[in-house]
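Given below, in the form of structure tokens, are the structures.
Both complexes shown next keep chain A, but they swap its partner, so chain B is in the first and chain C is in the second.
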Partner chain A sequence: MKKMDRIALFFLALAIGVFPWGVGGNQYFISLLVFLGLNAIATMGLSLLMGYAGQISLGHAAFFGVGAYSSGILTTQYGLPPLLAFFVGIFLSALIALVVGKPTLRLKGHYMAVATLGIGEILYIVFNEVAPLTGGPSGLSGIPPLAVGGVAIEGTSFLYLVWGVAFLLLVFSLNVINSRVGRALRAVHGSERAANAMGVDAARYKLQVFVLSAVYASMAGSLYAHFVSFISPNAFGLMFSILLLMMVVVGGTQTIWGALLGTGILTLLPEYLRGLEDFEMMVYGAILLSVLLFMPQGVLEGIRRIGTRRKGQVA
Partner chain B sequence: MTFTSQLIQYLLTGLTLGSIYALVALGFTMIYSATGIINLAQGEFVMLGGLIMVFCTLVLKIPMVLGFLVTLVMVTAVGALFERLAIHPLKNASLITLIIITLAGSILFRGVAMFLWGKDPYMLPPFGSHQPIQIWGAVLQPQTLWVLSITVLVVAGITFFFKRTLMGKAMTACAFNPMAARLVGINVRKMVLISFGVSAALGAIAGIIITPITLMEYDRGPLLALKGFSAAVLGGLGSPLGSIAAGFLIGLLESLGAGFVSSGYKDAIALFVLLLVLWVKPSGLFGSREESELKKF
Partner chain C sequence: MISDFLSLEGLEKTFGGLRALGGLDLSVREGLIKSVIGPNGAGKTTLFHLITGILLPTKGQVYFCGRRLDGLKPHEIAGLGISRTFQNVELFAHMTALENVMLGRHRRLRAGIFQAGLRLAGMRREERECRERAIEELRFMGLAEKAALDALSLPLGEQKLLEIARALATEPKLLLLDEPAAGLNPRDTAQLSETILRIRERGITILLVEHDMNLVMEISDVVSVLNYGRKIAEGPPREIQRNPEVIAAYLGEEGNGAPA
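On to the complex of A and B.
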């Protein structure tokens, strides 16, 4: 991967490492960072799909939910070890993505957006309806925390676990982006027809990235289930899919770092606004709209452009 | 209840629901036709229509007809403002950005609605009589007749607009090819603004006529938008008649599905049909494949 990426990774690791010490073990801030990490894992996958392969998914919360419910159901009702449930979740998400991805990825733009929206909604309905398995709208509770040798991984140790996974995936993603596969993806984004003419099997790459992004979401979902120990279908509906999409777009679809920045902004912003109560949603919408209007390429790109302009160079 | 009366009941409910989906789908199609944008805030126009009407009738206590007009004007203004402030500056942005902008807009509208009206559902009195009518064992609310007749009027009006008026034809021209439309002297910017205004008005009408039956609350928008959008795609994006037909179709499917199969999965049924159409014939039931290949999306 590029040198800038390595530097950024180093500083990110440093920041996460000292964070719990910096906030004096405050569990509120630690959980906030955990959620940030979980969202980041999901948006990383989405960023690969949207930014590099140029596809839209408005239904990714469903894959998150598949991971969460797999882990939840298999560890509570069937007493399976969490690691096994984790991989079952990944397998299921990948399978669903494969099956629905093949016909959906043939569609263009708006049509693909609608199709993924529909898929997400259908899975959401399934989560709600298959009550004996998922607990229906009332949700599933009593999901055990992850444990190593009888010691539960919670709080700060869970923070390190989540971000450890996030880092592994980040390194993996950056390697993919800078590899032959990444260049093939960008070729597909630029023009499918041209890519095909150059011998890049666009359909296959699109499907692979779609499945990969579903797997990322599933991993995040499984970890989420063990963290919050209670899950309900509401967390995996259209709103969350839209939120994930927003995180990628607001941060910037060009790079994976954009997605991380966007995740940071949109995970922390609602917390800041919480004090505003009645005004909250209004201000949230207004801020989103303003960011999109003034920095349509995303915040990361927007900051970069301000930086280059200051140096007097042509952006 | 006998099977026939059940069937009639579901058909009537389906037609009522279908009217709303048809109107929302029509709104989507209008904006898409003129601009190529999918306005995911369309559902919010419906919500605002219902809630502003409630405000006019119950708080300001003005007569319903006047309230209807005031609400229409206000929601149209909201739609036009939205276009001017949020859409027009970014007309060259990518598809994803435009979709997200309309999403952000919908969040803003919902936030304002929540601020002004809170989270409670609100009721409007039915337009005419309160007495339910009995038809072959099925119970029909008179408001349903209002919904259906107003929808028919609106559909007729919109069809007349597109087929007979100069502005409607100009808008269709913009749909086919904005560049060519500009070359023949059509003010595309104005068309875009008008399409947003009219779509908002359509949404408002839908909201006003449905609130006496289903009530209205601040977050009704997204689900309505999803179904209306499904209908628009099902009917073929860019085809007003297709949107209307597909809207009714989805309403009927949903109602029959809820009645005969399972009320929990009713939404899934309509969505599954949508997915099937997308996978088999994305140009929709009434769109032509060649046309959809030529269009931007």
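On to the complex of A and C.
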């Protein structure tokens, strides 16, 4: 891990740590930060997939949904412990990602995007139609909160749990980036032909990252189900997949930090724009458009460029 | 024939109606430097792409140490001990010189995504060793001080050397060099020829495609001459230089209207 990463990790941990005190235990702000953390877990995986494997997934909401429904169904209808349900969700998501990814990642081009769009729609239909298990369009309610020794993990402690998971996955991701696997993926990005000639099996690593990103999304989905206690298919449709994708693009795909920044912006922005009422969507759209027009590399890179330009002028 | 180190048998490659290679037989003996020369378009780079699996032959076979190569994927062929450089340098952008060479050791490392993500002890040891070996290769090519620089920020001459360092890091048995001297000044070329000889001393067999005749004639053990996708001559450098067919291929045949 690089020095800058360590510094950023430290400040992130510090910010999350003091946040509940900063807002005086305000439940609205705490749940906002929980949602930010859940989205961040999913977008980190997506960032690895886009920035390092150069692939686009239009079906990540469905993996989020697989996690949520695994946790929801298994804990309410089968009485399984939440931790076990959590791992079942991971297993199912990984399996689906493997089946979809294996044939598509061997092809060049945007087959992956199309295939994930397809699997996203299929899973959306499954969530809707397998009503005896999922509750169909009217949803699944009464999902118990996570608990340790009979004490429910709610509010601030759930915030710490979500961000603890996010933090571990962030460290895991940074380690992967700065390893043999990350090196191989960056090399493939630079010249796939040369990487192959040096013995790198590009398809294999792209598949691994895709499976990893599906697992991240599933983890976020499981935690989400326990947090909101009610889930319905609409939360896991194409719109949410695109929103997750937008978070990564707005923040920037060069580093995983860009995904975190983008997630922060797009999770919080609607909350701040709510006061504009009828104009909310218009302003939201205008902001997204101007980011893509003026900072096509994402906000993080945009800020960095402005910073270096300043420095250049002083010198 | 099959018992040879590297042997190509009746290798043919056509692109649409264009025949780049037509029934080429070529064998390379272990431990030697073999050069392939020929006018532009003679099929030299196609030959390299066929050996390394980037292209599939239309007809014919490639054998390496008794194993058939054609049909294997490029990364599998690399795993059998064949490495290469590219005519138009293909280094990895946004990676340092050191990282480029470390990538060359990819197949010598084992850590998968989990060992890497959790930074297990074995993975950390492996990375440390990989770094040391990569630095050694940089030193061998005289690039040790450039380790931390972005690979593409180096001048062309050093980029070419860096590409060789990356190929050496794979610990190849056979190294394919595609025009390593192109774009180099005479002093760098002299240094390059010395370097190639040192690579042979490490026990690595070299197949060289090159236009710089001084370099080819100075270091090669055997020279093969291609023209229009066929081998027209083969032998030690001295013989090749006097071969009338070779001279004709390079200078144009007499009475062909070539201006004097």
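The rule is simple: the second predicted complex is superposed on the first by the 306 of 315 C-alpha atoms of A that agree within 3 Å, B and C clash if a C-alpha of one lies under 4 Å from a C-alpha of the other, contacts with A are read in each partner's own complex, and residues count from 1 in each chain.
We take it that a residue touches a chain if its C-beta (ideal position, glycine included) is under 8 Å from a C-beta of that chain, and two chains touch if they have at least 3 such contacts.
These numbers were taken from a predicted model, which means no experiment stands behind them.
With chain A as the common reference, chain B sits beside chain C without any clash.
In the superposition on chain A, A:G285 makes contact with chain B only, not with chain C.
For chain A, the partner touching the most residues, choosing from chain B and chain C, is B. In the superposed model, A:N196 lies in contact with chain C only, and not with chain B. Legend: residue contacts after superposition of the two complexes on their common chain; A:S229 is shown touching neither chain B nor chain C.
By the touch criterion stated above, A:T156 is placed in contact with neither chain B nor chain C. Once the two complexes are overlaid on the shared chain, A:S31 sits clear of chain B and of chain C alike.
Contact with neither chain B nor chain C is seen for A:Q77 once the two complexes are overlaid on the shared chain. No C-alpha atom of chain B lies closer than 11 Å to any C-alpha atom of chain C in the overlay. Taken together, the two complexes place no residue of chain A in contact with both chain B and chain C. Chain contact summary for the complex, chain B toward chain A: residues 32, 38, 86, 89-90, 93-97, 99-101, 103-112, 114-115, 222, 226, 229-230, 233, 237, 262, 264-265, 267-268, 271-272, 274-275, 278-279, 282, 296-297.
Within the complex formed with chain C, the chain A residues making contact are 172-173, 175-176, 179-184, 186-187, 189-191, 193-202, 208-209, 212.
Contact residues on chain A toward chain B in their complex (touch as defined above): 50, 56, 103-104, 107-111, 113-115, 117-119, 121-122, 125-126, 128-129, 238-239, 242, 245-246, 249-250, 253, 278-286, 288-289, 292-293, 296.
Contact residues of chain C toward chain A in the complex are 52-54, 73-75, 78-79, 83-84, 86, 90-95, 99, 102-104, 106-107, 109, 111-113, 116-119, 123, 126-127, 130, 166-167, 170.
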